[in-house]
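What follows is chain A paired twice: with chain B in the first complex and chain C in the second.
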Partner chain A sequence: MVETTPTPIDEEVPEAEAGPSVLTRLFGISALGPFIALILVGAFFTLKSDRFLTGTNLSLVMQQTIEVGTLAIGQTLIILTAGIDLSCGAVMALGSIVMTKLAVESGVNPILAIVLGIAACVAFGLLNGGLVTFVKLPAFIVTLGTLNIAFALTHIYSGEATISGLPGAMTWLGDTFQIGGTAVTYGTVVMLGMYAVTWFVLTQAPVGRHVYALGNNPEAVRLAGVHVRRLLIGVYGTAGLIYGIAALLLVARTQVGDPAAGQTDNLDSITAVVLGGTSLFGGRGSVIGTLIGALIVSCIRNGLTLLGVDSIYQVLITGILVIVAVAVDQLTRRRSR
Partner chain B sequence: MAHRLPKSRRSRLLIASTLGVTLLLAVLAVGSSSAAPSHAKAAKAQVIVGLITKTDTNPFFVKMKQGAQKAAKQLNAKLLSAAGKFDGDNASQVTAIENMVTAGAKGILITPSDTKAIVPAIKKARDAGVVVIALDTATDPQSAVDALFATNNYNAGLLIGKYAKAKFGSKPVKIATLDLSPARVTVDVARHNGFLAGMGNKSATASAKGFAKDSRIVCSQDAAGDQAKGQTAMENCIQKNPDINLLYTINEPTALGAFTALKNAGKDKQVTIVSVDGGCTGVRGVKAGQIAATSQQYPLKMASLGVAAVVKFAKTGAKPHGYTDTGVTLITNKPAKGVPSKSVAFGLANCWG
Partner chain C sequence: MSTTTTTVPVLEARDLVKRYGHVTAMDGCDFELRDREILAVIGDNGAGKSTLIKALSGAIIPDEGTILLDGEEVNFHGPLDAQRQGIETVYQDLAVAPALTIAENLFLGREVRRGGVAGKWFRMLAKRQMQREARAHMDELKIGIRSMRQAVETLSGGQRQGVAVARSAAFARHVVIMDEPTAALGVKESRMVLDLILRIRDRGLPVILISHNMPHVFEVSDRIHIQRLGRRAALVETKSISMPDAVAIMTGAKSGEIAA
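On to the complex of A and B.
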């Protein structure tokens, strides 16, 4: 029954069959535009700088995408259900402070400290989900509240102090291994793995289709016999888990617990999601698009620095791109109606 | 439904291409306008210097960047610049360091937003053979960078403290301090304690950790160096103790905010305000009599010395090292006996922002 609900997936499948192209098969139609944009950005910087298209630099771009890129996976899940999460960066910062402070200052076993840090993030995810589901508050308001709560807890618990001297168990994800002479961090691999798993679940597993359907027509999903509340809480809880892993990846990358981390990550992750072609109205989009969206922002920042252009232009271009991306979403919606 | 598909497909392709073209235009526009001055061939021979400031918006860092640009032009070096999105934004600074090392920078000048958190990224850059100089703010530990070009903030505080002591003489003082933030970073502690030391407090030494205790202080608030927050903080301080007659502020925006609060309460004549920074707005505040005296620092000098040091390193291999004091000057139109100071005219000629 659910499979016959008119989700965008169902709409896209006959299209892909009508004109089977590798790209659309791989990314889904919604990620095609962003993919072209990324290629154009890459081509532009490759022409302009001989340092852009090198293994070392591309590895660097991936590392610089880890923080926002990982958070954006959770953000995508929530936006697909027509929600939004303003708390993601603050929750990640809290998770990173919990794990580093427990390990360094309280002498907790590093692995246990990591688990507790991630658990704190999951707890915040479940809190968000619970408030959205049971108290029926808008996600925007709920996460605006938890954004402030998590931010305050981070600063209270850390005493505003940066925590350094981390145990190796926390930083090894920032270590590198060689692929064809290029040093790649383990954290990059973890992030890409998370994208792969999320992509698989969203497109291949029934629960993934339910998530899309929830953003399109929650009533139809309920009538189809899906436990909507459990599904929604599950989505927010999973997002919390993803933020927890993002916290670990961030700590591994910067080798410190930084209470000031992640302050603009909520909007940055929403930017990545929107640039990736996912609709803010829910139900349409792909997580691969989000990865591409995050990479577009990182490539522009990296490329402009290589060209010696002020970083403020990256912000300018990102702003233009966001408007273009949302306009594209609106236009396609109107036409397909 | 089937008849609709080709149409929607066409429109999506159309939109995708529009997106691509817009993007390309945007990137080209920015790329060509900003990359134009540096000719591709000349760039190869040029020494590349990176400058990373805390933010793009604070006039202090704007002046710093101007100083670096000017020095880079004189020395035929190429300047790359980047900044955090907000004060305390470590992640953006780490990213900027990595990108500048990849861009082939010989040296990086940085005002660290988070003095501790930035250290691992600096170490990686130095391991890659790049010389790193901290400007304005020391890293924690200071030895994480090759050299530090900065104001001695303790001396900056000491000057205004001595000035206030000379002005008040044996008159009883009730002090309010408007400080930076609960994090108590070095600059916050050094200026505050320097001021107290100038006021004769023996425990406020340059090496003291945290704020020294002083019974003359009747109100202490954190205002984040912000004018609006400075006003709010001072309003609360006046409520707490209406007899305050001496005010120290971490910087001039805070002082000007506090002055507004004092004026609204009709207490602007009873309180002497001393501050640190030397920004043009602040010096004009001294001229207008809102601020009695301020310690002026020189961001332009930090940046130009930094660029020169990197160029020297690139040409001779000699690395800069240790701490270079870029100096402070007391600016006031009401000099105090025994405390050297310069006039507002001098202050305006050398101010930033």
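On to the complex of A and C.
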């Protein structure tokens, strides 16, 4: 190991110069806290309810995580660049209506309809990215605008009607297969696969390092010769693609095209990202943390439901958790300076 | 230094002009950097110092005049062009990404990928190799930091600037330009960066040092380019001029000469 070679030290070296520990290397420094929190939440509900830690229930938790969990991947990418996306849930709803309505009412080939639905989401991602990159508007304002645009388009195009009777090509991701007697949906596998791919790109490929650096110090990235505008547009476009896949997963799970879907998913995805330890200021965090954050929210909701607690308390607790998570994050960072 | 006058300057500029509307930032400015020297560029605010440096590092395109690298005319259309020609710039505002590691910062934008399928198809980073090379660069400049996997934000200001300097030195083939590298640093940390500048020159690279700090300029530079009113007011060997005289030329209290 190169790092252990003793070298002359010109001045006092700050602490933490040793290589990261195995645990932090496994989860990334920022995802270790959320992981412990997830274990604690799981342990609490396991003690309180016999039904929590069962294969069937955990499979249900995964299914309930699918849309927000998938949207949160795109949200993580955008937040890492110091942006934010309020439009993700509305864009997903639009994508789901485009693909279902085209297939069911316009008789478009289901595969083509899926592609067009996803394309609509990518177009919105590129619109967000274009406005942030070229017009230099704050992401918050841009996506607040596109949130309303996508929401309105969804309702205009659908005529407020839920679309049912979907072709099999759109719903098979909602089908299940058995793992040790537990039914798992293909959609769950797709979501976990997307997390794996995103983790790989963010941590193992040059473009991933550029995304982090962009959130850290955009000027440094520009001076390093990275094409910053292309990178930023690419991030928003990729997020759009991810929302499009989330739209397909949503349709597959619910078996309908619902114009009212995903209305709180934008804030829920931000909650997942923040609970997962990613900094809202950009440049720090991990997509594995986001998965854990999304699971924490789902576990709390599921567990409280099992305990018969009114669902409004789930919202209350989620709200408190977000503030605690950000506060803990800020305090630990301030101390480490 | 008189023996080197016959050799071609590494970087040369002739009659550079740059206008911003009615303001003429550079008005027929000349510039000359020789091999293996530290050339300090000094001048009052508004003397066109940073315009000159931006032109040399490709950040702006001059309206008139020519820039020659090793005697051949070059036209930079952006900082990347200058970088490709082996001119690296260290900026005063510590242009590093704090949350990334030292190795990642050193190779930012110039990442090394693995060989074979992993690098070509999956674009995987050669992390070990970059850490090893980062270690070699940092050791060469005697910047003592134990782990290359340490985030830059855990370093002191001087060490951070050390990373930025090492990065430039690692990739510069022709010239290292340093824009106020000690402006944000304390006494001890400035000392460290000045030592780095000397080491880079001793390794064989010429350095352009832009600084407001006269003691620093007189301590490390071989020659001084004094910029005034958009042109070169004087080019002198550091040991042949006193600090008050340099300041006098800078402020126009005294006229300078262009020494060969």
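Basically, the second predicted complex is superposed on the first by the 313 of 337 C-alpha atoms of A that agree within 3 Å, B and C clash if a C-alpha of one lies under 4 Å from a C-alpha of the other, contacts with A are read in each partner's own complex, and residues count from 1 in each chain.
The rule we apply is simple: a contact is a pair of C-beta atoms (placed from the backbone, for glycine too) under 8 Å apart; a residue touches a chain by one contact, two chains touch by 3 or more.
On a predicted model such as this, the values are computed, not experimentally measured, just so you know.
Chemist: Touch check for A:Leu307: first (chain B), second (chain C), both, or neither?
Modeler: first
Chemist: Considering only touches as defined above, state whether A:Met170 meets chain B (first), chain C (second), both or neither.
Modeler: Neither: A:Met170 stays clear of chain B and chain C.
Chemist: Thinking of the overlay built on chain A, is A:Leu147 touched by chain B (first), by chain C (second), by both, or by neither?
Modeler: After superposing on A, A:Leu147 lies clear of both chain B and chain C.
Chemist: Does the superposition put A:Met92 against chain B (first), chain C (second), both, or neither?
Modeler: In the superposed model, A:Met92 contacts neither chain B nor chain C.
Chemist: Touch check for A:Gln204: first (chain B), second (chain C), both, or neither?
Modeler: The second partner, chain C, only.
Chemist: In the overlay, work out which of chain B or chain C sits against more residues of chain A.
Modeler: On the superposition, B touches more of the residues of chain A.
Chemist: With the touch criterion stated at the top, can you tell me which chain A residues are shared between the chain B interface and the chain C interface?
Modeler: Shared contact residues on chain A (touching chain B in one complex, chain C in the other): 14-15, 18-19, 336.
Chemist: So in the complex, which bits of chain B are touching chain A?
Modeler: 2, 4-9, 11-12, 15-20, 22-24, 26-28, 30-31, 34-35, 38, 43, 48, 56, 78-83, 85-86, 88-92, 94-96, 98-100, 102-104, 113-117, 119-121, 181-184
Chemist: Would you pull the chain A residues touching chain C in the complex into a rising list?
Modeler: It comes out as residues 2-3, 5, 7-20, 200, 204-207, 209-210, 212-213, 215-217, 219-221, 223-226, 283-284, 336-337.
Chemist: Flag every residue of chain C that touches chain A in the complex, lowest number first.
Modeler: 79-80, 83, 89, 91, 93, 95-100, 104-105, 108-111, 113, 122-125, 128, 131-132, 135, 138-139, 142-150, 153-156, 158-159, 188-189, 192
Chemist: Which stretch or stretches of chain A touch chain B in the complex?
Modeler: Per the touch definition, chain A meets chain B at residues 14-15, 18-19, 29, 32-34, 36-37, 40-41, 44, 48, 51, 56-57, 60, 63-64, 67, 159-162, 164, 250, 253-256, 258, 260-264, 300-302, 304-313, 315-317, 320-321, 324-325, 328, 331-332, 335-336.
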